[in-house]
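Input: structures, listed below.
Two complexes come next, and they have one chain in common, chain A, joined by chain B in the first and chain C in the second.
So, the complex of A and B:
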């Protein structure tokens, strides 16, 4: 009834692709989050007027389709003779793309902390940094976490576009197998299942943290 | 001693403090009464350096609060302020709320900070609530926690900004009792309040603010018994 020519080697090939997807996602989300926090804090701190150039740059990264950013980023690194490989180029572009969205999430999180709560912290003699570290960061994280989890899952799926730079990640690996074996539905089903397996723990982690924090609120 | 000299403060075109002069001696309890928008709360935030002033001077123990180079974070260690909204840190337990500033600002060890926090929380009647999160407490309890949090820094001066205004009438008494206790212990306090009985019972002096001006100041008997200023008379007649 059900017959396939998919071999264990093919599955290992898919697993390698999945590992590449994970690597690109992990690097991009880590770097993008750090940059996003930095940009988000700067935007809140210096106000809309002075942060206008930064806001504009972030809007560009949020508005232009990722595929175009990847192609332009690759062309730029080639013209500038930076010598980056497909992995580095993909990570840099995806990091900036992630940072642009993360900055908004961080800005929203910081803005959600009541001014009066921050004022109470400062009235106790806390410095700006102590206020940010001990009051704003924990409260803003709770508000931002669901959006950040959504962003991370989105970046993991968007990372499939790096196949255009020649990286063999999960979707590209699936395409190779589909071309060779001519079993598109079965292979894409496996590919989708692997994406789900990669995403599910992240989604659950978010749910777990929200649940853990909620009794205090 | 807190010396306030000809302090002016505006928010945009609205001048909320129009040349306030006031001196508060160590150990003195001064209450400020007056209608909404008379500048009472603004004065407290200016004393603590949370709001800049436009002109004049506020000097605390010889330190000009608004002078360039004044270390406001250091100054705030000795001038505690409690607000109308208690502003609990919701992610921390009651004990952690009170321990945070002594640990991070004063640099005390965890044990020492905990010892101080437990002492202050017990002092305000919250010794049984140490591990509770603020959201699980009543407004009155949270306000007392805010008082304990400020007291844990061992301030020399305490500013109270309408600390009972946001409370259910049933809970006002417990907070006022805490303030009375502090006054009896000799804490220097400036209290902005709408609780006239409290102002009469606890204060050494009562100041009446009207439209950004300190219209009248004097002993409670004088202000409540024989107010001189027409606006004071009008205000007291309206709240009685």
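So, the complex of A and C:
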């Protein structure tokens, strides 16, 4: 199993794939988080009744397989003649997918801040924005950050699915090498190891923060 | 605006075929969940056993399942196991991949649930004269199931969503596979996949609601 024809160039090819995975993840998580915070705040602010359409739309993104969403997104962009490449399409779909989960996390974070605390802030003469920025944001971040880290890692793993649109990310790169070298187990093990190395330390950090910051210990 | 004529009729005509596919999807999700539950109970026992070897085996399983993509796990089952002379069909590879993934997440879920039951409960049971098995079965387990049930039902929804990955290893019987095959024949990509998305949504919601109803019946005080 270890006398392989894998060369340094092939490893560089895998590294390029990993870079693509990280790029897709970074763009999607950044855009998804901004959108998610926006949606989450809107949902809390206008109440369950008026936000029902938004809740439903976000729920759809969480209940339909990502692969189907990617195919639909790609079909949509070609129907609407938007002319997006695979990278843009993947990022848009993944961002919306991230936003749907992030909105839920943000909502949970905001509702974990006691109403009395917020009323106290408003009674002191703070505006809504000041209350949000100086009272809610720090407290909600404490509660939400561990799940947000989990979400980021989830998106990093789910970004493997963009290979269906023809983007050469880590998993697709290893598949290309498998096709050429015919050593599936060895190359897939390297690919899995890269995913593991990217994900495991951050997962541990999330677990640590969750334990460290949990309110009742 | 779009300069594209939607042909929904074609997709609706294929609905019976796609519903058959949805049944296969449900079947794979249920079977993979059953295997996953069995493996997760085993892994939890391994972790509790205090045996270093079994414990690290269980931890390795859980960490690999949780820190690599589900698609990678399915690829491993489909392409990787070939090195050992095991050539799984797409169906079996999909099942093995999802079951492996489920087991990892469920084992972690069980561990959290076990931690949520204070040690004093067991001790109280033992001081009432219960054997350790009785204390576990009558005191700890019912409380543990209460904590673990909803996350486990979420995992069931994830299992349903994960079955769609089978199409990447050539699975053509489940909902995603059937849809892809219809799409390859007619190129009505948007219509077919939109219908598939609706079916997936309905299944996911039905499972969530059923789990909630079940939880309400079983765990109501």
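Basically, the second predicted complex is superposed on the first by the 199 of 217 C-alpha atoms of A that agree within 3 Å, B and C clash if a C-alpha of one lies under 4 Å from a C-alpha of the other, contacts with A are read in each partner's own complex, and residues count from 1 in each chain.
Quick note on the criterion: contacts are C-beta pairs under 8 Å (C-beta built on N, C-alpha and C of every residue); 3 or more make two chains touch, one makes a residue touch a chain.
No experiment lies behind these values; they were computed from the predicted model shown.
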Exercise for the section: Label the relationship between chain B and chain C on chain A in the superposed model as either fit or clash. Expected result: fit
Problem - Comparison of chain B and chain C by chain A residues contacted - result: C
Practice task
Mind working out whether A:119 is in touch with chain B, chain C, both or neither, as first, second, both or neither?
Solution key: first
Handout entry: Which superposed partner A:89 touches (first chain B, second chain C, both, neither)
Key = neither
Practice task
Examine A:72 and indicate which partner it touches, taking first as chain B and second as chain C; both and neither are also allowed.
Solution key: second
Practice task
Have a look at where A:81 lands relative to chain B and chain C in the superposition and call it first, second, both or neither.
Solution key: second
Handout entry: Partner chain in contact with A:138 - chain B first, chain C second, else both or neither
Key = first
Practice task
Quick one: minimum Cα-Cα distance, chain B versus chain C, in the superposed arrangement, integer Å.
Solution key: 24
Completion exercise
chain C contacts chain A in the complex at 2-4, 63-64, 66-72, 75-76, 79-84, 157, 161-165, 167-168, 176, 179, 189-190, 193-194, 196-197, 200-201, 204-205
Completion exercise
Given the complex, residues on chain A that touch chain C span 1, 60, 63-69, 71-72, 74-76, 79-81, 153, 157-158, 160-161, 163-164, 171, 175, 178, 184-186, 188-189, 191-192, 195-196, 199-200, 203
Practice task
Would you tell me which residues of chain B are touching chain A in their complex?
Solution key: 48, 50, 73-74, 76-77, 80-81, 83, 85, 87, 89-91, 100-101, 104-105, 133, 135, 146, 149-150, 153
Problem - Residues of chain A that touch chain B when the two form their complex - result: 114, 116-117, 119-127, 130, 134-135, 138-139, 142, 213, 215-217
